[in-house]
Amino acid sequence: MSENSLAITKFSDLANPTRFLTLVARLLPWMAGTTVLLFALGLYLGFAAEGDYQQGETVRIMYVHVPAAWLSMMCYTVMAASAIGTLVWRHPLADVSAKTAAPLGAGFTLIALITGSLWGKPMWGTWWVWDARLTSVFVLFLMYLGLIALNRAMDDPSKAARVSAVLILVGFVNIPIIKFSVEWWNTLHQPASVVRLDGPTIDPEFLRPLLVMAVAFTVLFFTLHLAAMRNEILRRRVSAQRRLAARMAAREA
Amino acid sequence: MSHAFYVYASYVVTVIIIGCLIGWTWLDGRARQQELRTLEASGIRRRSAKPADETKS
Amino acid sequence: MIALFLRDLKLSIRAGGGALIGVLFFMTIVAVIPFGVGPDLNLLARIGPAIVWIGALLSALLGLDRLFQAEREDGSLDLLLMHETPLVLTVAVKCLAHWVGTSLPLVIASPLLGLFMNMDETAIAAVMLTLIVGSPAITFIGAVGAAVAVVLPRGGLLVSILVLPLTVPVLIFGVSATYAAVQEPAPFMPPFLILVAITLFFAALGPAAAALALRNSAE
Amino acid sequence: MLLTAESLAARRGEDLIFVNVSFRLGRGEALVLTGPNGSGKSTLLRVIAGLLPAETGHVSIAGEGVESGSRPGEFSHYLGHRNAMKKELTVGENLRFWQVFLGDAPGGSAMTIEDAADTVGLGGITHLPFGYLSAGQQRRFAIAKLLVAYRPIWILDEPTAALDASADRMFADLVTRHLAAGGIALAATHQPLGLEGAQQLRMTGFAGVDAEVWA
Amino acid sequence: MIALFLRDLKLSIRAGGGALIGVLFFMTIVAVIPFGVGPDLNLLARIGPAIVWIGALLSALLGLDRLFQAEREDGSLDLLLMHETPLVLTVAVKCLAHWVGTSLPLVIASPLLGLFMNMDETAIAAVMLTLIVGSPAITFIGAVGAAVAVVLPRGGLLVSILVLPLTVPVLIFGVSATYAAVQEPAPFMPPFLILVAITLFFAALGPAAAALALRNSAE
Amino acid sequence: MLLTAESLAARRGEDLIFVNVSFRLGRGEALVLTGPNGSGKSTLLRVIAGLLPAETGHVSIAGEGVESGSRPGEFSHYLGHRNAMKKELTVGENLRFWQVFLGDAPGGSAMTIEDAADTVGLGGITHLPFGYLSAGQQRRFAIAKLLVAYRPIWILDEPTAALDASADRMFADLVTRHLAAGGIALAATHQPLGLEGAQQLRMTGFAGVDAEVWA
């Protein structure tokens, strides 16, 4: 008996969801507040600025499109990092992190896709073209959905986490393709003008609100991610206790 | 169509999707906490709060 | 019978995640195509119906060959064979469940894919109509192959030789009916009616042949 | 209820596995098949269940509620080497499916799923996917399948494989009760089943090459 | 290892009919596309390489999802996992056998299809060359999906969805190398070398990832 | 050759199936696992074979010809519930594949395929497809697989399922000879195997829910 609890104590030192939960409870209100403030600031800056002489009013789409597009890639990166945590350290929190990031990533990717289409109609005259950047983002969206489906198709959570971790890592090859597709192929889409080696080439008038919105989106993502992780931990705790209760009942009977 | 239409459409879409994400996370969290409370009310307590012997055959 | 239908449906949903999967699968195929043929929207619109039909064929083929084999491997087939309902009916119900589980989601998703492929409204409607009418035929043909696959422990070859050539007419009339709907001179009805006839024919022949094969598969 | 087999013979590939097997089983009677591996026990059971065509002879069934000319298979449960349950579905779903699909044969009624699970000693775990069970637990639920739909005839092929000693006893009880209620049971087995007063049939295997057609 | 290779090859020839299914499916696709494109031979020749590549990609998917599942169902997977040869090697050999059993016949059949599609000799040669170099990558990527399918009760569509997006780069460079060989200004070598690099990359990554997934699928 | 397990624990889903299992087996020693259905016999054997990760503890192997740190699985035969043979291939092809693929472990040599088939009492039928055999014949050939490649450790999960009485004796003989030649055997079983002097380990099942991580 004592070996049993001893082993488990060691295990829980490695990953302590309880401590994580207290941390989250402390952090969440602050992060939510920051998110709201940043969004207010970003929207104010965005709508106070002049329109682009070439793109007209529609440049304002940029303030949601570009941060969402960045986040769609960053979210996958977070998942890939968690996947490494799952496979190398077998850290239960990493499982939870990868699993809960997928729906968020799908959401942000969807925003990037839709706002991109809405921008494409006035700028390119069509909602959708099959160029490399657009298609690779679409493929990213499909991968998010596939991973969500994979997670739902298996009911042993730790096995599901390990298997999807492998796929997440293999799928990571798509991220550089998205990032550099505009440079590798001639596409309609704008090449990078903010995140590039020789510094941003974009007008600071647009850069400032864009960056503020980007930070706002990022903080929003982490807020949601932490909250979703908390929910997932609670879900697992509930199911563990239900199982235990069922076993106890069976034992007494 | 006016350019404003596209701008507002994209903001509306963004708000809807983010709203869904936030709403889902929030409702899910409330449901889980509720579940945990009912469990605890029905006498099932955290195992760490229990003498360990009970769980061993 | 309804129980069998529900079970098979549940199995196909449980395993892969259900309707969503069919749609996703289809989208993935369609998303891959432009990488091959290039981003030419006109060209895409033209080959669109063919692609959607090929996607339907492929998704029906993935998994259809194990329709009865999975049942045999766990012993359920014996019980199905012993039951008093006519075997033809059992087979037909299993086909139906398979169709609802894998082909129907594709039919439902096809308008979306039509949009991606830049097809116009008529073409989209025509694809959907021909798919809903024609795709059951593929399932029924496949069922015969699946039943034969149970009989011959090493009969895979025969199945493919049997099944794929039979699906070619379905595919051809399905696709050509769609094009007839879009391109003016060609009339829509003749190929469409032939498609209907093919489906009805295989709806009758397929389960009967499959049941016959299964009865003789006893081992 | 009367199950009659008349001078059955069956073939596997080109070999005649047995010839001239006859028996009659009335209400409450049981037949136990024994014999070495490959002697044709499973083959005989499958012929009786109607899953293999008999080379010669035939099996028939008579009794109240049975139209003449019915296939015996329709009034039988067949428990083969394989359990006929889907790994992907939960035990409950599997049992419910068979309960509804098979339905009760006339002349008897079946247990609920919970009762059947309790009877095989695995009450609380019908919510688990079938694939998550141990070999013996799977076999027990395959036995529970016999209980959720009534069939007067039970055809059992090595029913106690993978069962532990207490489950063996539980199973012997079940069969005894089935017989007492007027059922019929046929079982092939390598271990004594603990059925009293059952007829015995010893299979020997390989009854000759069926070369008649070519000779 | 050679024993494993031979066994898998024997199985795919004897039971699955992998080779023939692939080729027939391939032919079906090629037979249907002209309906979409119409009788325009030039256009057909132009999209020919893309169609052949897409056909190869899709038909490679047909049996791939059961690469490891069949092994698990009869218990062989346990013994393969226990053996002292590194699992990566075992997986690689199985991939190779699968490739020889199903993709190689496609490569061999591709000139025929090229003729059907009215492609000229250079294009046919280029398609064959790029296929022979690029199709192993598809198998290696698919192996990852197949390994994941082992834990899923029923693989099928879900696996294809997970796998297809990853094959996109292979398709892109395969097709563009082919076009580069035909259309003058574009040089053939750069995309071809990238294709080689992709195949090598996945030849290393695929088996490793599949082995990792298999190790973690223990049950 | 020395097989040591130290305070093993294993998990299935969220449940700990057993904790703190330790044993040492030297040359010629055998361990027989007993216990009711679902008590974790198969689980323990799979942990020892390296097919399931142990939650805590570890299994190690030592002896001549064994590099330190080797996985015990590499020196073991595992005979599970499933036979690991392809139905589509003939028995001979199946056995030959495993013979070549597995190869002999250092310290022993194996039989030819014909000898192994004779030993399990099914000499002349190696040309049949595996799928054409009866349940017991299939199991016998799965046992023949143990003989065509030498492994010092045999891990056997209900090896005698579906075997008839004479095959049971044949199998007991085989294991006794394997032990006499310095081998090690672990077997989970519901029927007495007829091994004298084997250690016994009785599994009880369910050692607690592994809920600590989330609690």
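Residue numbering begins at 1 within each chain, and the chains themselves are lettered A, B, C, D, E and F in the order written.
The working rule: a residue touches a chain if its C-beta (ideal position, glycine included) is under 8 Å from a C-beta of that chain, and two chains touch if they have at least 3 such contacts.
For reference, the UniProt names are A = Heme exporter protein C; B = Heme exporter protein D; C, E = Heme exporter protein B; D, F = Heme ABC exporter ATP-binding protein CcmA.
Every value quoted in this text rests on a predicted model; they were computed, and no experiment measured them.
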{"item": "Shared chain contacts [chain C and chain F, defined touch]", "value": "A, D, E"}
{"item": "Numbering shared by both copies at the chain F-chain D contact, with half separating same from different", "value": "same"}
{"item": "Chain C on chain E, rotation in degrees - Cα superposition, rounded to nearest 5", "value": "175"}
{"item": "Greatest separation from chain D - chain, by CA centre", "value": "A"}
{"item": "Leader among chain pairs (count of C-beta contacts)", "value": "C-E"}
{"item": "Rounded Å distance between chain C and chain D, as computed from the means of their C-alpha atoms", "value": "37"}
{"item": "Chain B-chain C separation of Cα centroids, rounded to whole Å", "value": "39"}
{"item": "Geometric centre distance via CA averages, chain D-chain A, whole Å", "value": "55"}
{"item": "Chain D and chain F, separation of their C-alpha mean positions in angstrom", "value": "30"}
{"item": "Shared interface positions of chain C, touching two or more other chains", "value": "11, 14-17, 21, 24, 28, 31, 35, 38, 73, 153-154"}
{"item": "Residues within chain F bordering two or more other chains", "value": "13, 81, 87-88, 206-209, 211-212, 215"}
{"item": "Set of chain B residues in contact with two or more other chains", "value": "46-47, 55-57"}
{"item": "Complex contact set, residues of chain A against chain F", "value": "3-4, 7-8, 11-12, 15, 17-18, 92, 156, 233, 236-237, 239-241, 243-244, 247"}
{"item": "Residues on chain A engaged by chain E in the complex (per definition of touch)", "value": "87, 132, 135-136, 139-140, 142-143, 146-147, 149-150, 153-154, 159-160, 162-164, 166-167, 169-171, 173-174, 177"}
{"item": "In the complex, chain D residues that touch chain C", "value": "46, 49-53, 71, 73-74, 76, 78, 80-89, 93, 96-98, 100-102"}
{"item": "Chain E - residues contacting chain C, complex", "value": "14-18, 20-21, 24-25, 27-29, 31-33, 35-38, 43, 47, 50-51, 53-54, 57-58, 61-62, 65, 73, 152-158, 160-161, 164-165, 167-168, 171-172, 175"}
{"item": "Residues of chain E that touch chain A when the two form their complex", "value": "141, 144-145, 147-148, 151-153, 158, 161-162, 165-166, 168-169, 172, 205-206, 209, 212-213, 216-217, 219"}
